[in-house]
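Okay, so chain A shows up in both of these, paired with chain B first and chain C after.
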Partner chain A sequence: MAKPGGWAGKVLRVDLSTGRISTEDTIEKYKDFLGGTGIGYRVIWDEVPTGTKPFDPANKVVFGVGPLAGTGAPCNGRTAVTTLWPTCWPKPLVASGHMGGHFAAELKYAGYDAIIVEGRADRPVWLQIEDGKAEIKDARHLWGQGIRRTTVEINQQMGPEASVAAIGQAGENLVPMSVVINSYSHSAGGIGGVMGSKNLKAIGVRGTGSVRIAGNKEEWERVVKLHLSLLGANNQHVVPNSPQPWAEYYSAGSRWVASTGRQWGAAEPNIETGACNPRDLNKIAYRTNNAAFFLGDSAWKYTVRGNGCTSCPIRCHTVLKVPKVSSKYGIPAMGQNTCAGLMLGRGFFKTFPDGPKGETAIEACMVGIHLADDVGVWENYGQMQRDFQELYYNGTIKNKIGENEFRSYSWDKYEKGDPTFLFELLPRIAAKEGELATALGMGTGYLLERWSIPEQEWQKDQKVAYWKMGHPKHHANEDAGQCGVIINTQYNRDAQCHSHANFTRNGLPIQVQKRLAADIWGSSDAVDAIAAYTPMNIYKAKMAKWSLLRKELHDSLSLCNWMGPWIASPLKERNYRGDDSIESLLYSLATGDKKSREELDTVAERIFLLHRALTIRDMGTKEMRADHDTMPDWVFTDPAGKDAFTQGTNRMDKEDIKLAMDMYYEEMGWDKQTGAPTPSTYKKLGLGDVADELDKRGLLP
Partner chain B sequence: MSHEKEKPQILPETLNLIRSSSQFSRREFLLISGVMVVAVSGLEAWGAKETPLIIMDQAKGLVIADPTKCVGCRRCELACTEFNDGKASPTVARIKISRNLNFGPKGLHAGQRGQGSWGNGLVIQNLCNQCPHPVPCANACPNDAIVVSPPTNARVVDPDKCTGCKMCQRACPWEMMSFDSDANKATKCFLCDGNPKCVEACPAGALSYTAWRDLTDKTPPRVIPTAVVSPEKAQTCIDCHKK
Partner chain C sequence: MEQREQISLAMAQIIRARSETGQLVQFEEIWTELTGQGVVKSEVADQKSFLESILREAVAGNEDLEEISGKNGIPHYYSALSLSETYAGILIRKEESSLIAEIVRENSAIYPRPVPLDFFKESPFDLTQQEILDCLGKMGEQGEYQDIAQTTTSIGTVFLYSNRHLDPGYASILAEWFDVGQINSP
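Entry: the complex of A and B
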């Protein structure tokens, strides 16, 4: 059979209990689910029985990529890792972690679209995948080692080009708050312990093959260049954060931080980013510097360069060189990460001697990167650090952990903002050493339960930013009003959806956003200015649906939802329009399976619906509206007591949110009473078998 | 991509020079050859046994790279193969990033003190030097499949002549010969006929297309070549270089 376009064509299945390795035909078995989370949900639905626990051998973990991974389509470097989620509280349910780096592309070049790992090895192993061959290897010599050492040793065996996804001591010790990391700094949270429970230390992948573009190569080149022309900076911010000669608008909150006078100060010699006119496609990589965005202007002088995933010109990871941390903390001067991973160390501290964006804060970030990305501790989008601060300063930690253990930590250092405190804390979390470290490593929901703190306590206060089920908000009402609230009710961990926020936070003035919104969702009323929200309307529900479907589409095609969709652009000559069909153009050309934007969104809806069905099945209730799609009380409060729908507040209104959920369920074809999808919706989207199974269990509305 | 299929015709003056002066230095010869279309080839003109192609027209263009600007995205590798070959394949790409990306050109033996994302962050791009004489890949090819292609005079693989023996891969000290296993043919940088896709694709402006200059003695070799030059070609070397 001729090699398919886009897909590698094979899914690898590895049973660690029996050592059996087999393959399945991707297109035959999974084409209706594209790849990525689509394959992941399908495997969990078909093969992992209700009641399975995350660390049971019966749980499966699916490393899935899609037809665009490994191609030159911009922003395709992400691997979706789907499994039963160990920090989902009170009952583990399906969720996915997402890692960038070079693993996704390498997996495709090695001949696979996904890896299904099942069972449990009887001793530590690692999985070697090389050009269509897979082998389970002894990992006893790697067990107990950090991620960095493990990666280097596997690269010594497989060669320097292999991409290695490894867990650290945290994963080995079955810490739920643990990661798998590939390409130095690209992590998928929540996965470490699941791999550890399978005695799987790492997966090394090396491929010398190719991904075929089915369509005409000149046409492909044209579409790729169109896509590149629409890109903004990280999170698709399409205006710069300071006035630039080319720019009509600017917005202080933009991640497009390049400017004349700003330099990668640790490049040798320094490199000026320049003004980065968006029409110059040879300057895209300079637009974003997330170290400078998150850590402040002093990070510029430590910036060596941008880094990131295969094929992505955005470079949201920043390579930093901070020489003084070597002498001060005994750690390497080099470090890199982005966003939450970059800020991991800083997040534990309430104050620093020189302020939140000073030098000590940067040092704390470097120490955090050095420790957490080696032992493999996950921070749950900053929730671990917010929990820690809250629990320390309200006296809970002192009360809960016993005097001896309490005294074993240098709290004076902690209160002063001394980064050396992290050496006391992070390795202990990975080792489950003591009550505090063990509790933190369980994730918020289980920590609160262990320490008899009602979840509602955590849901009162906006500053803790906790949402539900053990996880925080992730682009909720503070970024997109009711649309953000709806989105944050839908997943079994933090929502990780950026489709909406990448639009509302893109930096364009609200009147421009409204004009673009009318094109996409049918009315300019779909969007409000941030913190100037208006009551719910149907267009906001349409935007929420669109956002969720695009997230699942991206997670299944291997496009980055931290960048897409691309419905706005930095180009004045396009009236700042992007292109809502860029995903379908890329998909159709890469695979040769021509699908319109609407047709591809239907596939995405099927994938998202399967996630919903899995959640219903494993919760064992159809009462999703009451029991799952919930929001914390702080959503309906304002720190200054402002009323909902007044200027300057993110406060939502309870009755209005009820209406929002009604409208959303209606848009989705779900029952309004229960929030459960109707049988006809399942059938319409090709999931009749799923509906039948739910019917047997009495889980249809 | 287009290829120069005919062997370049040798100019009689050059032949006379070669024949008349055994003291002829390599330097002088190259100086002359720079202004003439020269290839020691097609010697039937004066009745000798056919002597293989050895000297090629100087290339006119070259892709050069600034490692301090490389951000490791590999868009150059992907543009090279997608826009030319219709597939994404860093292995086939005629610009090489992946192999230096993690640990630098010295690989793991430099550990974390090396280059690449695991070292000091520097990503060294590997590019074809479009060698002046000698052109190791062309010399090693038993089928004379590596030829000069106008207008850039890039050294390119003629797929009709290439038999996939991989001798050229063993000849290049910089490991810049790629092999396309789907086609079972060698391939190399052909400068995209003067509009290199990699240069256009770099989001950091780390690549430039410039007038050719000799970087062969500036670029550290990656390997010791192990290809064998055929006795006929070796004889041609001796013809020019003998004292």
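Entry: the complex of A and C
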């Protein structure tokens, strides 16, 4: 291979115990793992001993980006943060959090593909990285500050273009449910406490370099334009949510909310999104308004614009300006976030005086954004709020926290849906103040254990949406039947996989989806209409495998799995086909390492296999099928008592799911009885050394 | 350029321009605009059949130009470069009492999914709440619309569906998914 492009070429290693800073050659050591989670898993496998706890100095946290970060490839702004996961219950295991923003690009421009942080500083510090130089700086003046203040102070030192990834008081106080945030609203959940345990307040990074594209520049431009042409709105929804002149199809469930007459009402002057014909690549940013999608039409008048990550035209973090919240709650009028982060404040409440999409709900979102994104509390994909509601309304909170503490909260405000209640709750979670806040901050699994609530109780209740190991479902059977179930069994936190859901939710009619599915997974039987699931077949197993591998591929290249893959498009002239090889085209041109779609998927499979090996090693068992790849009881129930495989239910069938797991394991080359990968699979994917280590521990099937 | 060819080109441009604004155009409107442009002389009776024949040729000779007629049989024209068949199909039925029922049936059949009532307040339907309720009231009295049914989600949103394509239980869970489930599972 000629001089590689894509990668910056160096991995930065920072030992906070000794203050030693060193670098390693990315290509030499990590090329077979691309970057992102690939580097993260490799570091944890090689360097973090079994039995290490998340907040031990021996734990490491790897901020990994990929060869496409900082290039012109669309949607390349993701940083994967890999470590031992503090909310993984009953035993911490490897997992990753993912933040967008501008950290990934700045890190590349500064000359690095990853930062490995190890040890523990003897006092609060922050890490300054600037154009090939890294320095550990005193952070005692920042300790105790929120994320916003910390970011401002570091930006004042490094300049406004530096990207600052900081923790708040929650991380400092070793709250497991805490985040690191860069670029104002781009968070990676679960990481805050791990950084806090290392006395690492923040990482500021600034680079003025560039990323070399190894391949033909004209071809690179062509592929980037092809990729742009395939983009839909957020989550790769490829049809508008109301009929538009250019559109053959539409779906009220689509995040493509632009339409003639719809305006960003708080922009000065107001901006009309227009019909957003997909051929107009200069208006991609107008398609998505996640505030309007999630909070209702009243959010349009508060919309300033969309914000987002490096090189991403989607802008899924909607910037809102709600002037009345300043006087009413004492918070800034402007705020931004997307999806679960946007709805964090609203999620705690069961009701609001003016309904779920009224003004009070928007105010609750603004309060939630300004509190949680400053003190650094993580909501675990809404699980914290679902737990809170359930525990309050079933009387558990009152029974568990003692009368004095219970009376210290304004429950009348809570029940009325008054957002000021959040000022009582969120800062206490960050400070571990009192039993309720402490328990909520531990994460669901540890909370249930602390309060002697059997996990099975949470696994019976569909509305709590709890899955396993302390974490919720994340696009499971409700999105893709058996495929969603398989995917949700595989990780040590919520699955965070969008490959399948971005397809099933894309808004195209089921027959069009089936036609596209036949192209990708071999048969139209791979997908079903929502809530009309059919029995398991091998094509669904292929879809599950493909979905997981693309997730790991995206996480390792720095592409956004909240947008990709791009196998459907908004283009009628392409029969709504996307391009399943867009990742390999971009990778090959950026790096000069020519790889086909299949070859790059093989690398993704290696990365995912290493995650599996780490899980097996640190659980100390090969019995993954029985002990790890589990699903909650509610998957096999229906609120109306409908049978599985009838229209109008997401209910799965136990025997059918057993068959689904059999087929999936077979597709993966894993032992069907244990769910553990076979030695030949490890060797085939270049992980013979990993197999040897597992063999020594008796962890091969 | 021959007059016939010149008129044909002008007609195609008028249709395309109208489509770019999201609208259909009728023959009479084209004729008026041609007159306004001075492409044809002031209206005289014998010009009508002459211009109609050119319009037919223009539609046949330009791949993007399409003709569509509603129940009243009056032909309308559009360019597929700017307007989809779906959108044109909505526009041509805008004044027809069956519009809501037909849109609901199409959605129930092909996606499949129920349609929120408020959907018809949006462009290009642009109906008021009262117009929607009046329409539903009339449909309830007519035998041909007895397949159009309603379901209400847990947060009170009313959806319409056709029971020819969705049974009530299926329609209910789909409505709940689009209105509540998707939002709570972002």
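As a convention for this text, the second predicted complex is superposed on the first by the 697 of 701 C-alpha atoms of A that agree within 3 Å, B and C clash if a C-alpha of one lies under 4 Å from a C-alpha of the other, contacts with A are read in each partner's own complex, and residues count from 1 in each chain.
What we mean here is this: a contact is a pair of C-beta atoms (placed from the backbone, for glycine too) under 8 Å apart; a residue touches a chain by one contact, two chains touch by 3 or more.
These figures come from a predicted structure and were not determined experimentally.
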item: Clash-or-fit label for the pair chain B, chain C on chain A; value: fit
item: Touching partner for A:Ser311 - first (chain B), second (chain C), both, neither; value: first
item: First (chain B), second (chain C), both or neither touched by A:Gln482; value: neither
item: Partner chain(s) touched by A:Ile530 [first = chain B, second = chain C, both, neither]; value: second
item: Which superposed partner A:Trp220 touches (first chain B, second chain C, both, neither); value: first
item: Partner chain(s) touched by A:Thr150 [first = chain B, second = chain C, both, neither]; value: neither
item: Touching partner for A:Ala275 - first (chain B), second (chain C), both, neither; value: second
item: First (chain B), second (chain C), both or neither touched by A:Thr83; value: neither
item: Gap in Å between nearest CA atoms once chain C and chain B share a frame through chain A; value: 18
item: Intersection of the chain A residues that touch chain B with those that touch chain C; value: none
item: Residue ranges of chain B in contact with chain A within the complex; value: 68-75, 78-79, 81-92, 98-103, 107-108, 111-112, 116-121, 181-182, 200-205
item: In the complex with chain C, residue positions of chain A that touch it; value: 242-253, 259-261, 275, 293-294, 339-340, 343, 355-357, 382, 465, 473-475, 478-479, 505, 509-511, 529-532, 572, 640, 642, 647-650
item: Residues of chain C touching chain A in the complex; value: 19, 22, 82-87, 90, 110-113, 115-116, 119, 122-124, 155-156, 166-167, 169-174, 177-178, 181-186
item: Sites on chain A touched by chain B in the complex; value: 70-72, 102, 105, 109, 148, 152, 155-156, 159-161, 183-184, 208-213, 217, 220-221, 224, 228, 267-269, 271, 281-286, 304-313, 315, 319, 321, 332, 334, 336
